[in-house]
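Down below are the structures I want you to see.
In the two assemblies presented below, chain A is common to both, partnered first by chain B and then by chain C.
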Partner chain A sequence: MTQDPEPHLNQVSSKKHTFSEWIEKRFPVFSTFRREYIQFPMPRNLNIWWAFGAVLCVTLLLMLATGIFLALSYTPSAEEAFASIEMIERRVPSGWLLRSLHMAGSNLFLVFLYLHLFRGLYYGSYKNPRELVWLSGLLLMLMVMMTAFAGYILPWGQMSYWAANVVIQAISSIPFIGEGLAHWLMGGSSPSDLTLHRYFVLHFAMAFFIIAVVFIHVICVHVVKSNNPKGIEPKTKEETLPFYPYYVAKDGVVIVGAIILLVLLAFFFPDLLTNSENYTPANPLETPANIAPEWYFLPFYGILQLIPYKFLGLLLSVGSIMVLFAVPWLDRSPIKSANYRPLYRIALFLLVLSFVMLGIVGKYHSHTGLIWLGRLALFYYYAHFLLILPFSARFELKRTLPTSLLDEKGHK
Partner chain B sequence: MVKPIKNVSFLFCFLFTCLFIPLISYAQNKPAYKQYPWSFTGIFGNYDLSSVQRGYMVYRKACASCHSVQYMRYADLQQMGLTLDQIDKIAKTDQILDGKDASGKDLYRAATLVDYLPAPYSNQLMAKSVNAGKVPLDFSRYGMGMGQQADYIMAILMGYQNPPADFKPDQEGMVYNQYFPGHQIAMRSPLTKDGVKYADGTPATIEQQAKDVTTFLSWTAHPHLIERHRIGIMVMIYVAFIAILTLLVKRKVWSNVK
Partner chain C sequence: MTDNPSTPTPVIPPSQNRRSFLQLLTASSVTVGGVVVACPFLNSLSSQNTTLEQNFVDIDISSLKAGQQITVTWQGHPVFILNRPTEALQALQDASLITRLRDPDSKELQQPSYTQNWHRSIRPETVVLIGSCTHLGCVPTLKLGAKLGSFYNCACHGSRFDLAGRVYKSMPAPYNLPIPPYTYLKPNIIRIGENPKGQNFDFTQIKQI
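This part shows the complex of A and B:
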């Protein structure tokens, strides 16, 4: 950095800071922090969509803080799990509060994750040079989903049990290796004490792996710097603002907004997020009338329901996430931001619509009237990535992009 | 610069789409039975603790012979406004299975504060054999689902009237109920007029007992609702204050950016 944008922030008084200097020489945390979180140049035109990364980090910390204390009172055995959750809710001091926050937090985590991912799709944040940011983000999404799924097993209620069962059945449908793989992953051909124990360890351990990958993800962002709504890279210093205080203040507003959502959910509408069926202890002999996963898995569950051949359903369901990994190479358009890609913008809107449609199918899969609408949505979902992304650039009229982030014109 | 307002509205459209799903589900599940104005629904909802206490009395008298509340201990009853002394008195009148004697016979003793509320059957087979093959539900969480579930419980309790003339149970021991799925239920109407005598003098009509026991069931399923709402409102006020502060800070910080 040639010129310091905020000189007053950078004056290290050369007097007594001997201890921090001693550390700094050996392990330059102070200068690194200053470079990456104070002076760090951010595009000056970021909107609210760029705040969700910070919101996700805060949510992750909330999950960790509440989760660790929940684990202190939780017992991971088929015999005791349900009763230990009841004990947390009824007798552990503030246990109900911890659990309420953990549950509301997990739901919001997925909300923010989907919003964060959508931001990337809309503004083309996966394009050169941000491919690794995108890939590490997707890895995070897979890990978060695994953690959320494992967490849902832990209370060992009816839905916990039968959700685990659906996944065992799905894995078992893989030709040749399916049964063995299901046994290996789940500890049996139906969910059991062993499954519960494994998923507790997975749930607990995965949280820390997620933190590690978040570090990789954020380092990647800091190396290539943030994209922005115009999708052009800033070239001059005037087009950027230092992270502190500008984006600290801006992210702060959105973080507090997220906390308001959290408080509303955890204190006033917890029933919105709970399935009362899961407050009946797991019973392997009694299949619930309506097996449904948490809302954030509904689209993937919907795909499973749409395809009569189990294995194909599994492929398409898992594939719907895997195809995202290829997006940086499927999208042939040199323009990043969808603000300058009218065709792609409509396509993306339809993609979101299809995704929601698949979710509705997952929720109401017993309604046969939805099946063809669902298959249409599924077809569009794949067509979007495999046809529209590679070929739409050819049909999009040449647009003049703005030349600078300061340029108010050129914007449609 | 892209107008922030445009983006925020975009975001809301997105969130709104997501809200659509629960809305559809609500519209689909709209129940066909009477809806009561429960005191515990809504964000300021609260339990009428005297009703919860009366409901517990109804439970003991009319339901406890078949239904357990197996995850609750006597001491937890404090949250319905009883003192430990009062609970102790109630507990002493209950007998709890505790171990075996030298010849292997079950031993019973009076319950204490730390005991779980007693279960009516020592195992599921026994429960099934005396209830037309059905196991009576545990009541710890039966009231989950707030108002809608409470209305349903009310409907079942009040739904024994007027069996159609041609009603014939599929199975010995089943009786007619207007609102139970399939209209046949293995539970006979558990409530009778003046079946309990309320200590506070409330007339014990069937509807009154049904309302009280329903309130009790909702309370067992949401044991912290009162505290949750009370703390929630304070937290909300605090966070709203912080929100205003952060907004002001953000405005100030960005005031020099064109």
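This part shows the complex of A and C:
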């Protein structure tokens, strides 16, 4: 398995011309696949956190497949969208299954994405030389969020309609360009047939752009190689394992686990992650009493509510994602893994806590006692990135990093 | 993916057999799983539950004068109802016309048995035809002329049918125009989609729509 990959390629003529060789000479897909997915050297000490990239790829394929088949039965017009969703649920054979897989899949997509992102933050996977992996990943996250938002509008239920209305109205608070931009995104002054058409096309087209950026993201990882829990680069061959069969098997186990989670959600708890209000057709004359976004947007929704100035709220809400783009340059510590950064580890734990706190604020906004807790969380969220990341390296106790990915006993 | 043939065959350790078996097992379960997962996807493309769709249409033909035709929809097909004038009926029996037809006696199963006659209808003057060319499904147009000058012409590839829907020889269309099951509820009301009492024609059994 570790022989010279393609010795025959250098020969002037080979006696046996197989079909794969003919293709290989013109389009080296076989050697590339072998190099990048069979022999590809992975650090030998990866834990389960490194499986979520593969899980996300599978989830994306699931979303794409179910999405295309749902689109075949869906009608993106204000008149018929709600009825066509009901038709998918009741009359299209297996339509209920495709839709619940798509809905459960969208929630799990965001679960895995947040876990994947946390892995990057904890183990310093954004540091030199992996900055582009980090940036392309964040771009993907923004695209997925945009797609999820657009997809949520498509059933044209009450929550769909009011989510579209509130978010686009929020955009109108941007000085100078806001009004025009909101009008442009909405296709009018309130959500209409035009809005629905636009978000359907956005939702559908974005899926394919996401695939393109996934390619960029994966190529970046394959150029700089994976980070690992120790945060040091493998120097010898003994510190790595070939991707096949070691990580194919390991990723495979986590993928199977993810599929079990998916079907549990789709079959046994289809209502857990959906809002019953969205099974009422859109009504422009009546806003639902309890309007809250999907759970994955709650922290950002929480920030919007904490700030009594419309535009500042929007700025801090969007900024909470944008600040992540600067993380490779805000973090001044040369140590990658938080396992060797005791201060940073506590700080990161507090960051997760404040993110959850902001989500709670988003969910229970009417509770005034939460406001100051929420503002504290918001302050910490920004302080973590703008103060702790740049300056903590100075105060962090000197820790000796391991020199090899092999454990102390020198196990192979 | 194949090993280079020039390298000497390595001695296969016992674990290699086990690995091959596991690989085979994994590959086959992935294949079976993939096929199972594909089922609901393909299933969603199959035709939907049509119980709510109307299986028959009632048409009042009292205002249909000689030489007039109306087109109605039945199960998604255009259906022509034509009131043939007397001279057109006579033309259907013209020997020179019959020699030019592919299936003048309607031997192919393209119609219910109760319309397998020289006028291909229950009542001689009123004919009911599925207006879908048996070549590639375009809708033929009625051309009315004197005597043998009346026919259905298909704009797509020039197939020609007489006023009983019988196809002319050496035309791309292979069969006569299909006739749906129909019956007279009242002297002037036709129900398309239902056989007369005592008949059990099944439209799905015809040669070609």
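Heads up, the rule we're going with is that the second predicted complex is superposed on the first by the 389 of 412 C-alpha atoms of A that agree within 3 Å, B and C clash if a C-alpha of one lies under 4 Å from a C-alpha of the other, contacts with A are read in each partner's own complex, and residues count from 1 in each chain.
In this section, contacts are C-beta pairs under 8 Å (C-beta built on N, C-alpha and C of every residue); 3 or more make two chains touch, one makes a residue touch a chain.
Computed from a predicted structure; not experimentally measured.
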Residue contacts on chain A - larger count, chain B or chain C:
B
For A:Ile48, select first, second, both or neither according to whether it touches chain B, chain C, the two together, or no partner.
first
Could you tell me if A:Arg91 is touching chain B, chain C, both of them or neither one (first, second, both, neither)?
both
Once the structures are superposed on A, label A:Phe209 by its partner contacts, choosing first (chain B), second (chain C), both or neither.
neither
First (chain B), second (chain C), both or neither touched by A:Tyr382
neither
Looking at the overlay, does A:Ser20 come into contact with chain B only (first), chain C only (second), both, or neither?
second
Could you tell me if A:Tyr37 is touching chain B, chain C, both of them or neither one (first, second, both, neither)?
neither
Contact residues common to both interfaces of chain A (with chain B and with chain C)
87, 91, 97
Per the touch rule, the chain B residues reaching chain A in their complex are 1-2, 4, 7-8, 11, 14-15, 17-18, 20-22, 24-25, 28, 43, 71-73, 76, 138, 140-141, 144-146, 149, 221, 223-224, 227-229, 231-232, 235-236, 239-240, 242-243, 246-247, 249-250, 253-254, 257
Sort out for me which residues of chain C touch chain A in the complex.
1-2, 4-7, 39-41, 43-46, 48-49
Given the complex with chain C, which residues does chain A contribute to the contact?
3, 7-8, 16, 18, 20, 30, 34, 65-66, 69, 72-73, 87, 91-95, 97-98
Which of the residues in chain A end up touching chain B in this complex?
44-45, 47-49, 83, 86-87, 89-91, 96-97, 100, 111, 115, 118, 229-230, 241, 245-246, 249-250, 252-253, 256-257, 259-260, 263-264, 266-272, 274, 276, 279-280, 295, 298, 339, 352, 356, 359-360, 363-364, 408, 411
